[in-house]
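Here the structure is laid out as structure tokens; the discussion comes afterwards.
Going in written order, the chains are labelled A, B, C and D, and every chain counts its residues from 1.
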Amino acid sequence: MAFTGLREAGLTKARIEALTDGIFATVMTVLVLGLRPPTIDLNTPGASLSSELFKLAPNILTYALSFITLGLYWVGHHNQFHFVRRTDRTLLWINIVFLMSIGFVPFTTSLLGAYPGDPAAVRAYGANLVANGLGLYGTWWYATSSRRLVDRDLASSTVALVKRRILVGPAVFSTGIAVSFVSPLASTIIFFLPIFYYILPGHIDVHIRGEHGHEEK
Amino acid sequence: MAFTGLREAGLTKARIEALTDGIFATVMTVLVLGLRPPTIDLNTPGASLSSELFKLAPNILTYALSFITLGLYWVGHHNQFHFVRRTDRTLLWINIVFLMSIGFVPFTTSLLGAYPGDPAAVRAYGANLVANGLGLYGTWWYATSSRRLVDRDLASSTVALVKRRILVGPAVFSTGIAVSFVSPLASTIIFFLPIFYYILPGHIDVHIRGEHGHEEK
Amino acid sequence: MAFTGLREAGLTKARIEALTDGIFATVMTVLVLGLRPPTIDLNTPGASLSSELFKLAPNILTYALSFITLGLYWVGHHNQFHFVRRTDRTLLWINIVFLMSIGFVPFTTSLLGAYPGDPAAVRAYGANLVANGLGLYGTWWYATSSRRLVDRDLASSTVALVKRRILVGPAVFSTGIAVSFVSPLASTIIFFLPIFYYILPGHIDVHIRGEHGHEEK
Amino acid sequence: MAFTGLREAGLTKARIEALTDGIFATVMTVLVLGLRPPTIDLNTPGASLSSELFKLAPNILTYALSFITLGLYWVGHHNQFHFVRRTDRTLLWINIVFLMSIGFVPFTTSLLGAYPGDPAAVRAYGANLVANGLGLYGTWWYATSSRRLVDRDLASSTVALVKRRILVGPAVFSTGIAVSFVSPLASTIIFFLPIFYYILPGHIDVHIRGEHGHEEK
């Protein structure tokens, strides 16, 4: 039984990524399924499918927010595993807990869709987003402490930069939860903000580019 | 941390493909789930399951249309990524927005299934198909502009040929939407047309075959 | 753009397999979801959850039948692609039509679960199983005609053996449909028979083993 | 047709893993979908979404239990396939039966969620967990008997250690079922216990680490 450590590590990493990609793909699909065709009485004067569809606009926006936010976390996981060289049982389990939080998103999204103005729905949704972020942070923190599962010579500045980038999400989402005590609508708007922060190419891309000399993210 | 750019690019491309394949697989499955066994009162004189199943025929046809159309876009994505050599954050996000549009297909399909004659349902479905096509076009446009993420010596004629092929879909689907102001039924028939265009092997296949000298798609 | 034909072919095959595995995984999961907890009135004298669960036994058996039958087709696809060396657009589309048939299984299964004694439900379910088998046959027929997408020196006896094995399914399922005009229950029993035929290691395994000298399936 | 046995074996193993990962990903996602937003009448005095959400706490806990337990079995499968070198038809089928048992988890979980205090629900859920464990045991037993599908020099102590570890689950879950005749609540608590046993790194990790000289699980 002569393994090369690297090959085995790659295999394991590949299966964690496979489960992660599978769960993200299913969650992102199932999310949009929460939208149901409106049931309307076409005999009612003035009732029309198009007016009913316009009433769904806020729901559609909520689902889009969740889809893009899940995309953010998938990209974050993807960037992070770019650096991971080995895996161990603990990393597997931190990842599974992260995925459990991701798996709750269709539930909290449908909650927010059903009760858009309710502070409890806003907070449940926000708490889920915070948990997602902390899960991602946990994976990175565990993998990089004493360079446990990454390359020994990974720059401290890169480790810290990724930590800061990840924590922006939970910080903003927590602010959104706090604001829900004043205005649930403002909270929802705040939940959209991290999208703009994360989608724009940040320092980390420049950093990686400089380090490796190619434009791979 | 000595990466070979190529290996890393392959890894990233592999995960985008994994998410894409996962979402397509789930969407295509979930689509057919919209069909529910008819609930019939077997005591009613003349009521029978087989007659109820025949009434489902238009729904089954709608679902088949969506399944095949999703297949078209999956094949399109697949052909496109054949040429992609590198990835970056922007490509990731164009791809995620494309997948969000794909993820809406079960919703607009069930809408069309529930209100087959309604122009609003026809237009919502058509708009979704147009958005799918534009998402695919966006990926290709971004990847090939200044040969950003493809081989530097990829022929301009290939880039243009793929662009033209992709845009046939949105063009026909837009025509279908316009026709819905006259006849929603005619629209639905028009939505079927791109299937015949895309399924038949086109110039692009010949082109690739000539260029590489093997029968790979 | 210097491709090695083999590597590219491998890539394409990998993505067809990825979509196939993804759809099978989702269909097989979604299938069992058709089982819903019974809604019982625990205040009714004599009503109990355990007696209600026993009443679900035929449904559970139907779902198990579909799950195992899907497993059969997945293994069949898997065995077939063992021999496929190249892909082309036509193979992609035969495969997508095959997957569309597979995607209908949760619908026809829930139909059979809802109307177990109804000949129409039995026939719809049987027709779906026949379509699955013909889809698999189509892939193999297309790939092996003139050795289009397989190794040029693949033995004719292997091609014919695989064809015969695949057709046993549709032949038995068609018999089951015919029997439904006499006894729908007998049909359902007949639908179980191919499981025993396919699960037992057949000549094809011995054949492959002999040819390659290793115990690979 | 000159195969290298190893490459083909790897391919086959890869597809079994792909189906397994896909089914686990879908099951784990679909599980959490069983949670539905509460339907409340906000006009009722004292009714509030937050109080209704608190009532969901036991359901959320049940779903978390199932998610983590599925994670356990996924990790177990993952660890096991680390050692598998070849596959055959029988292994494929043991694995498919194992996956069928995994696929039932959303059903038995929603059963336990709907009837938390009912002994029948507790036993159905426990029986499903036992079946999962026996399925995993079956795979390992079959693969390692006479070193059928693993390396010939795999230590007997490793084989036995893995067997013992796997059987802890079914043993504890069976105890939980027995306890349900006295207290269904106590059963549910017992169902949680294996989580602590499996999540903590055990002798097997130390064993593998010592054998291979790297920290790969």
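Some points to look at:
Just so we're on the same page, a residue touches a chain if its C-beta (ideal position, glycine included) is under 8 Å from a C-beta of that chain, and two chains touch if they have at least 3 such contacts.
These numbers come from a predicted model, not from an experiment.
The best fit of Cα atoms from chain A onto chain D calls for a rotation angle of 90°, in steps of 5.
Taken over every residue number at the interface, the positions common to chain C and chain D amount to under half, indicating a different-residue contact.
Put simply, the C-alpha centre of chain C and that of chain D have 25 angstrom between them. Per-chain Cα centroids separate chain A from chain C by 35 Å.
In chain D, the residues touching two or more other chains are 18, 21-22, 25-26, 30. Residues of chain A touching chain D in their complex: 1, 3, 5, 8-9, 11-12, 15, 18-19, 21-23, 25-27, 30, 86-90, 92-93, 96, 99-100, 103-104, 106-107, 110-111, 114-115, 118-121, 124. Listing the residues of chain D that touch chain A in their complex gives 17-18, 21-22, 24-26, 28-33, 35-37, 48-50, 53, 64, 67-68, 71, 74-75, 78, 82, 151, 153-154, 199, 201, 205, 211-217.
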